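To keep things simple, chains are lettered A, B, C, D and E as they appear, and every chain counts its residues starting from 1.
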Amino acid sequence: MIVRPRPHWFPMLFVVRGSVLPHIAPQLIFTTAIAILVTAWHGVVYEWKVTLTFVPFSLIGLTLAIFLGFRNNTSYARYWEARVLWGTLMIEARNLSRQAMTLVDDTRQAPPFVRLLIAFTHALRHQLRGTDPKADFARLLTPAECERLSSAQFKPAMLLLMASEWMAARRREGTLSQTMALAMEAPLCKIGEALAGCERIANTPIPFTYAVIIHRTIYLYCLLLPFALVDSIGPMTPIIVAFISYTFFALEALGAEIEDPFGREPNDLALDALSINVEATLRETMGERDLPSPPAPVGYVQT
Amino acid sequence: MIVRPRPHWFPMLFVVRGSVLPHIAPQLIFTTAIAILVTAWHGVVYEWKVTLTFVPFSLIGLTLAIFLGFRNNTSYARYWEARVLWGTLMIEARNLSRQAMTLVDDTRQAPPFVRLLIAFTHALRHQLRGTDPKADFARLLTPAECERLSSAQFKPAMLLLMASEWMAARRREGTLSQTMALAMEAPLCKIGEALAGCERIANTPIPFTYAVIIHRTIYLYCLLLPFALVDSIGPMTPIIVAFISYTFFALEALGAEIEDPFGREPNDLALDALSINVEATLRETMGERDLPSPPAPVGYVQT
Amino acid sequence: MIVRPRPHWFPMLFVVRGSVLPHIAPQLIFTTAIAILVTAWHGVVYEWKVTLTFVPFSLIGLTLAIFLGFRNNTSYARYWEARVLWGTLMIEARNLSRQAMTLVDDTRQAPPFVRLLIAFTHALRHQLRGTDPKADFARLLTPAECERLSSAQFKPAMLLLMASEWMAARRREGTLSQTMALAMEAPLCKIGEALAGCERIANTPIPFTYAVIIHRTIYLYCLLLPFALVDSIGPMTPIIVAFISYTFFALEALGAEIEDPFGREPNDLALDALSINVEATLRETMGERDLPSPPAPVGYVQT
Amino acid sequence: MIVRPRPHWFPMLFVVRGSVLPHIAPQLIFTTAIAILVTAWHGVVYEWKVTLTFVPFSLIGLTLAIFLGFRNNTSYARYWEARVLWGTLMIEARNLSRQAMTLVDDTRQAPPFVRLLIAFTHALRHQLRGTDPKADFARLLTPAECERLSSAQFKPAMLLLMASEWMAARRREGTLSQTMALAMEAPLCKIGEALAGCERIANTPIPFTYAVIIHRTIYLYCLLLPFALVDSIGPMTPIIVAFISYTFFALEALGAEIEDPFGREPNDLALDALSINVEATLRETMGERDLPSPPAPVGYVQT
Amino acid sequence: MIVRPRPHWFPMLFVVRGSVLPHIAPQLIFTTAIAILVTAWHGVVYEWKVTLTFVPFSLIGLTLAIFLGFRNNTSYARYWEARVLWGTLMIEARNLSRQAMTLVDDTRQAPPFVRLLIAFTHALRHQLRGTDPKADFARLLTPAECERLSSAQFKPAMLLLMASEWMAARRREGTLSQTMALAMEAPLCKIGEALAGCERIANTPIPFTYAVIIHRTIYLYCLLLPFALVDSIGPMTPIIVAFISYTFFALEALGAEIEDPFGREPNDLALDALSINVEATLRETMGERDLPSPPAPVGYVQT
């Protein structure tokens, strides 16, 4: 996630960090080069004048607008839903910790439970990013718990099972009443829903065929465009083609970046910061004072 | 579902798998052939010059954009809702298994219940795809249960009833308290909602009349288009007509494919993989180690 | 609801059933006739040449697109929400029946309750379509119940009250515990929500003024259009006007049809089939074998 | 709310009631008059020919479409959400009455509670419309209750508190069990949510700045438009300007009307009829026979 | 939030308060000045005639419409969700107070709890706006509570924990039954959700890259536009460029303003008024008569 105050309108025209320009430079140079050639040759290819007007392009605009608008909205919806799910995780973990501290008669037993929730948050992040959760488990859980997790395939789900077992143990020893256990089931189920939601977004991309159709249409459009413009605007053709290509490629690149919001690209969600925030707020609930704080952004980017 | 890493921008222009091109080739060839004929005859049909300009096409664009945008958004909404429902199924089955393992006093009784949930998942898949669930039932359930299911018309609903009966039996024998049974009712009802949601999507297509209007408008548009272009862009007419037809037909074909997301076409949901995933996570909850894993994609396609 | 397999792309151009063409034929003939006259007179009315170009029409397109897109999306949203509500009804009736069979200690008492739910489904359908529910009540309920319902103004709400009274009776006689009664309250409330949702859609149309504005704009547009086209496309004018009018009128007619999804027009919801399906699944829950099945579609149309 | 059967397509062109025309007549006459003057002077103002083409107008169309589409969708979303909230109120009041009649052991005590709910409905309507609820309170509640309400600032919230107190009294005297009281808390909280939702819509308009920008853009557009049209379509200019202005002004006026759906304009919600409907269904739940019915529409308008 | 009655259509054209014009004046003057220069030089820059037509601008319109529409809708969705969350806070605080007054046997103990909820509301506002909550805490809470909060990092979450502790204390002393405590958990969890929702909106802006792309595209568009217009509309060019720039800049500025709805700009949410309203309604629930009222708007603006 890029965190920076919005610059004034003039410097904002020239920001480099946060711009998608570096990613799309090759394509942009390619299409602009074609446009320069077409302009230099006045639209003639092998002695054959390619006659094109703007009409086909405004007609193609119809389907292209549908494709690009769809792609953009869908990608952002995925991004935002992912953020909402992590917000759900944050609050339900807080609710559960609060309940563990107040609904269970023996407050001293809450910390191991809260640590399971903290471990769950880190485990989910590691699963979504394909990284190794071992270090985080080691500093939060008992060796026996680490052992049990190491052989589990669905680690976050296993942690929810262990949290549930903690509740069952409390219920059996009588420090958690049946009714209060019922109250704790609701947030526990909601955390499970957040987990399944994240897995769903991570595992189910926008149908690949969309990406193919959009990609082809954009490139064909940008390659044919100079032939349509050269007769009416002459030497301005490459500039305009570069401008139009920039908006198309930027839209496509940004969509591809936030479509999978759990990665480590600049506009992806700051899962590192989010999970440390969850850890901090849960630790404070337990009465701890020395809270961890999220890493400072590097070049305005928080991961 | 097509699972493949996004190729680099250049090779992506030429991918065949995941492209919808093979499905729409006949129509595309047909309209392009018409365009070639029109271009060859300079828009004259039986000595009568068909006078057309781009104007009618940009006016028709208005309703066409509404139709196509609607079709596309609605189809994708159905696809995504279906995916969400299977995510719900996944998590509530996990929640119920977790509860069966921790809320019931006698853990040894949980496996038959969890196997009912696994059978439910497979039964739903089979119902949605119109295939026979017998083999899956046989490997998961007791003969008596299989017998009872074989005569049932609404098999997944019957499995939920059987799960409910298991809970009633536990309650009667005293290993599941009333309050904890209440906690288990919530996810059970939610699984029922996921079931009804899938049935709704499978049984209620987008009103057929939409498909008819969209289909006719697109084809009339593509057949008349060459007459409008031939005078201004001459020999480029067939290329442009092919390009525009491609985007229209592709949009329509893709919409028709994902509108019914439970099928076996490449962009449909990977129900096989999803249900095996549910089975694996539920088995792990029961403490099993040897988990089934989803079949490898064939040519990037997971079913 | 029109249920038919999607025809191949070529025959689909000529389907009659499921087409909205018969409904809009008069208007279509009217505007086409005007267009023919305008073409014959070369846009001269009483010796006064009406000068029009395509420009005003592309400008009007802006608001027209907003109106038509809004109308279309809103109508479909109503249609789909109505379908979702009937899906809710289906599943919560199933949930309640399942609970009546497993949460109440004396299973033999469940059938009268389940029959109340079946009667509720039919009563809702009759209320939404303004038909008489007497015959359905007579075959499902006791004479006393029928008597009580016959004088009720809000019949489905009365049936929910009677279902609630059944639960109260079970609670008082001790076969349904307080906690299990609590579990049954949730689906009962949700059925009430489905009822209120259906009433809301049935009683609150899209504001009438929208229909008026859209209607006027479309007709004025189609009547003026030939004057704008005749100078540039000459004899093709009537064909294009007919084509454009077709898309406008079809969009308006289809919107008006599915806006009120509880009617009996071809694209409306198949409430008959839906309520018989609910009846079948509830009867199966009670252990019955001889289940009713929905009537076969007549000319692809299910009501 | 305008309730009338949809007229046939031809008479619908000339309906007056339900048309927004009377509200926008002044602006429409104003812009048309300007267009007539511009046409008469051939676009010359003080000997200076104003040169304009359609191009700027099609470019402005881009932002205008965003503004108007946004305004229209947002206004309707508010209208529809308000209707949904009143539907929630209807059903949860019904649920609570049903519960009061069946969950409380002494049925004779239900009527004062149900009357509190009826009073709540009327109180909410009066608050939203800024009218005096005294008369409705007087016919429904005891003098002591009226007294208490007369000094309250948040009257509907106070009525919910009183309903809650009734439940507490029943609980204390033992006719309502703790568990059944829990069941009644859910609909009571939902009624509270409907109340807060209505207050939110009533108190938070669409940001005023939107209205200003849209208003200015539309008027500038309509005033400049004749200069752009006069050279190409000559004497048709005023007719087209009137047509285009009509669609713009109508869209703006309708948006402003339904944006605040609780008023008394023709397209606003029929709160009078809705609250009498709630009263009727609650009275029927209590076993009353002589139910009030909503006032007949005056000139197709229900308030 | 700007609260003012909608002026008549004519004065509305000239309102200054509520207009975004002052914020965008510099850019507007800049682009208009460029347009004047271009017009004066007839589009010639350093003896080189820049040939441009409207075509590129209508093609760029495609992506620009997607970007601007997306930006506008997303910003408003954030604004409205924030308002909904504060509505949730309002109602759940009311629900909790109502429950504290009726579900707990000893009513005299409710005030400290209700004051915690009032303090929560103010604490959330202060956190969202980055202001100091000390003064509000001091007038509402005990010194011990203030002390505990002063060292807390997540103050609103700490207040929910303290509210939960109050409930635990009541439960232990026997004035709040287990079942009624369960009823109070639901609104408490929902307040937690509102808190997390507000934090999510406050901490996660729309991806910065969107702002960059939109900003650049708009400015390039407005700077190149005069070259495209000067040949056809001559001296009207600066007026039209100013008009078009106005709509673009206004759309961008308004989006940026409401994107972060918790600030103190004129169109932001009136958190001051909202939190005082919550305080007033909660105080009335406790039986207080002398209720605080929100500050009067200053120049139609409520903060």
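The criterion applied here is as follows: a residue touches a chain if its C-beta (ideal position, glycine included) is under 8 Å from a C-beta of that chain, and two chains touch if they have at least 3 such contacts.
Keep in mind that this is a model prediction, so the values were computed, not measured.
Engineer: Which chains are in contact with both chain C and chain E?
Structural biologist: Neighbours common to chain C and chain E are D.
Engineer: Same or different interface residues for chain D and chain E, judged by whether over half of the residue numbers are used by both?
Structural biologist: Counting which numbers both chains contribute, under half are shared, so the two copies meet through different residues.
Engineer: Note the rotational component of the Cα superposition from chain A to chain E, reported as an angle of 0 to 180 degrees in steps of 5.
Structural biologist: Copies differ by a rotation of 70 degrees.
Engineer: Quick check: how many Å separate the C-alpha centres of chain B and chain D?
Structural biologist: Chain B and chain D have C-alpha centres separated by 38 Å.
Engineer: Using mean C-alpha positions as chain centres, tell me how far chain C is from chain D in Å, no decimals.
Structural biologist: Those two chain centres are 23 Å apart.
Engineer: Pull out every residue in chain E that's touching 2 or more other chains.
Structural biologist: 58, 64-65, 69, 179, 182, 186
Engineer: Please classify the inter-chain touch graph. Allowed labels: line, ring, star, complete, other.
Structural biologist: ring
Engineer: Write down the ring's chain sequence, where chain A leads and chain B follows directly.
Structural biologist: Result for the ring walk from chain A toward chain B: A, B, C, D, E.
Engineer: Mind pulling up the chain C residues that touch chain D in the complex?
Structural biologist: 26-27, 50-53, 55-56, 58-60, 62-67, 69-70, 74, 151-154, 157-158, 160-161, 164-165, 167-168, 178-179, 181-182, 185-186, 188-189, 192-193, 195-197, 199-200, 204-205, 207-213, 215-217, 219-220, 224, 256
Engineer: Taking the complex as given, what residues does chain B use to touch chain A?
Structural biologist: Touching chain A from chain B are residues 1-4, 6, 9, 12-13, 15, 18-20, 54, 57-58, 61, 64-65, 68-69, 72-73, 76, 79, 83-84, 87-88, 90-92, 94-95, 98-99, 101-103, 177, 179-180, 182-183, 186-187, 225, 228-229, 232-236, 240, 243-244, 247-248, 250-251, 254, 257-258, 266-267, 269, 280-281, 284-285, 289, 291, 300.
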